[in-house]
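Next come two complexes built around subunit A: one with subunit B, the other with subunit C.
So, the complex of A and B:
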């Protein structure tokens, strides 16, 4: 076993997801299959591999002049929010 | 001839000579969609009214002598491309009702070029899948056999082109999502170099791998589409500021003396015999055109799938954190506090495959596992990239099958994620290395299912891909069959 139910529950919490018992069982077994498949990477010697590739095209920072350009109005930006009021998005109380 | 059977190249001539009006073309396409889409289910939203209104404007412009590269060409968009004022969902419940306040850059470019947006196409939820079965709108069917999948994740776009429900379509490719469905639906699908086409307005899956590209009926149409789509965009800092060649200029040039790399790792085991013999046919045709086939090696091929299923879910888990029920999309009605709101919204809004990948991505990035998975995979990715750089020193382009076998049955692989992932085994390396790839139809199985050949080239060498596939297409050894629909 690469990963047990308790750890899957921990990852679910980090992912902000929740699962029922049956789903948890299935996910644990499927994640194990997938992680076992990943083990083949340990056969590759990467000790001397530099750099790691996180993006294919080697590129410098993309700078631009700090010029003000038109952007969305707050009305347009808020139009898709499930619960907007005035210029704000309303969320459940966070601070007690 | 029915207008919906036309290629872009054929339609352009008829539009330019005013033989056909854009409104006539759009009417013909809408009629075709009404006739066949109840069976294929390529579209999730057909924009009949706005398409007719756009066509009228194009006709008015044509009357004034204004003819653009894609004037009057009806094009379908994968529902991952943001369209101003038109619901864009990525075929996920969590984005139902989302109306983007802006157009993706590719949509702007298509409109500027005179194209008409005919509708939004079906896809695997958030582009995660190889069969278009994970869509919250239900599956798309393969026009060549309605009991089979069209491939994925851009299955709706591929099926729409194959069934003549549009002249061309836009897809996105993170691990093969343009090339694999193109192969399974018998159309041309091009994934450009990472950075060649702006990703602004493309809903993100795995940002270091995602790229937008066209589905077309011919290679010449693919060249026309890429010329419109490609180019630097200040709104996408990963788009590359290089001149865009006139891709159509490379069509019809010969490939005498070209070296076609045949990677031995792609031709051992697991390939269906009919796929193998179709690929043998492609090699013979290319040799008859004056090219030679050379044996090459891409030694880290067997690790590509493992690297991909670490890198892509890692990036996805981060990108999809934005769907929290706060800023847009759905929100559950009952919850106890903010965290509960997040959990309940995400658990009800996402489908199983998306959840599986978010979980996998969160795990490989989590404390204690980051080095063993993500960092390791990123280093192996460097070796995969290096394999291609070495290969392109000895060959001009690489030829492989696009998929190990033809389209599988609907439901065949839905319960076994690992089997589903393996259907992308030949297309994934391209995205990890950031190079361009194209799939062109090259044969049919005995039961009439399309088979695709994949060509790969070095960074920003799309012109080579179009030149070699046009030479193959023009050699005439492959005879296209229309689906019986």
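So, the complex of A and C:
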């Protein structure tokens, strides 16, 4: 087991998700499968390999200049929002 | 029991770039909600962030101004948390490899210098803004601020009182504004501060449990919130309780802080390297260029004003608190060659007029050339210091030069000896009784004669000359 039900419940809580018992079982088992599969990577000796994010040193400092370009309109920006009023995305209240 | 207070501050400063940190949306404050967004800052699938070079340069400037080491290699990480103001569900920040570390700031408090360590300065993106509905169970999300560049400046726990924390904060703020990399407006959230506060028995080596204070939107509130927290923790410990590690929100209206319990606190950020962004590599040449671009910083400028212009430390502090004010003052000095008088007039009349209008020096209609000319006219005796105070008000209102105002208002001072003698002769003739009493020893009647002479000349008699002549003439007859 790479991950237990308690940790799945903790991550669900952080993610503001609620699951029933059956779902907890299912997701714990699926997450275990995924993590065990990814663990195959540990078999490779990477001692001499740079981390993926740093690559070879030639690849660094990919910058853009500080120039403004047009943004989306607020209508376009809100198009994917499940709920919106006026110019804002509307969500369940997050503080009491 | 006596306690030692231990304070560390985390400051978030919004950088004054034109565009956001990882996309080309505008950073302008106050636009209509969700009008400065794009697929990158909305966190749409498949987009890639590209770092704004100016963000790195601004952060480097602050790092150099606070004596930090700039790391030749730094990288970005994802800080994961779920909150509606964060569309990607992670904030791009720097974690194990920040841009700069190991700096310090020297602050002055009650005439004593103290060094506050700076742990690190890193680059990150701001989150969006939530507006809460007081009457309905909703919050509204505006993502214009999402992706606005920030630097976070983390101090060592080197401060031991609310006053020290406030002094450190003001010093940081002053530098950010001098560097022109942050507008420093606390009310609009472009300069934000969180405080970690704990107490421990005097002499103890081990820090107490700390509370993190948030939501303090002015220097005064930072100081009040820390003072309240120190009292709260002392009371708890003295009454057999213990401090728990928690985040507390300052309520400025009630003057208390409240615990932010529950889910908001269940942080588990699971930082990991951001595979979308390449590392930043900074070479010596780039650092040298940034160092050369630094303006004279407030502390150095203060020291120079005290040494070169021979003005008191307090005056130098006022004149350098705002960079534009310091430029204004130096321009008056350059044009007039009178550093002390310039300091008195800028700190006195100019700032008084501006404060009454709640304006800053950039909106001042009295030009440095105008003030320099005014100082010259006082020295030459064309007008008295008292008259000059009226003239500067006219200059401030009309934006005119002092010579124009003096000409149109007929204000110029009477320094012609014969004219003043004629006036005094006339007054003496009209007031024989007072003259007799004065000569009999009633000295305070001198003021009466001064008053009569000023009245007769419409306040234009050169005061020094009038005094001299009156003394002679009252005694001589």
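Methods note: the second predicted complex is superposed on the first by the 51 of 96 C-alpha atoms of A that agree within 3 Å, B and C clash if a C-alpha of one lies under 4 Å from a C-alpha of the other, contacts with A are read in each partner's own complex, and residues count from 1 in each chain.
What we mean here is this: contacts are C-beta pairs under 8 Å (C-beta built on N, C-alpha and C of every residue); 3 or more make two chains touch, one makes a residue touch a chain.
Values in this document were obtained by computation on a predicted structure and should not be read as measured data.
**Q** Going by the contact rule set out at the top, does A:74 touch subunit B (first), subunit C (second), both, or neither?
**A** Only subunit C; A:74 stays clear of subunit B.
**Q** Of the two partner chains, subunit B (first) and subunit C (second), which one does A:44 touch, if any: first, second, both, or neither?
**A** first
**Q** Where on subunit A do the contacts from subunit B and from subunit C line up?
**A** 14-16, 51-55, 57, 59, 62, 64, 72, 77, 80, 89, 91-94
**Q** Given the complex with subunit B, which residues does subunit A contribute to the contact?
**A** Touch list, subunit A to subunit B: 3, 8, 11-12, 14-19, 27, 30-31, 33-35, 37-38, 40-42, 44, 46, 49-57, 59, 62, 64, 72, 76-77, 79-83, 89, 91-94.
**Q** Quick one: which bits of subunit B touch subunit A in the complex? Just the residue numbers, please.
**A** Per the touch definition, subunit B meets subunit A at residues 97-99, 101-102, 194-195, 208, 234, 237-238, 240, 300, 302-303, 305-307, 309-310, 317, 321, 324-331, 335, 337-339, 341-344, 346-347, 350, 355-356, 358-360, 362-363, 366, 373, 375-383, 385, 417-418, 421, 432-434, 459.
**Q** Spell out the part of subunit A that touches subunit C in their complex, as residue ranges.
**A** 10, 13-16, 51-55, 57, 59-69, 71-74, 77-78, 80, 85-95
**Q** Which residues of subunit C touch subunit A in the complex?
**A** Against subunit A, the touching part of subunit C is residues 17-19, 24-26, 32-39, 42, 44, 50-56, 75, 81-84, 89, 130-133, 136-143, 263-264, 266, 268, 273-275, 277-281.
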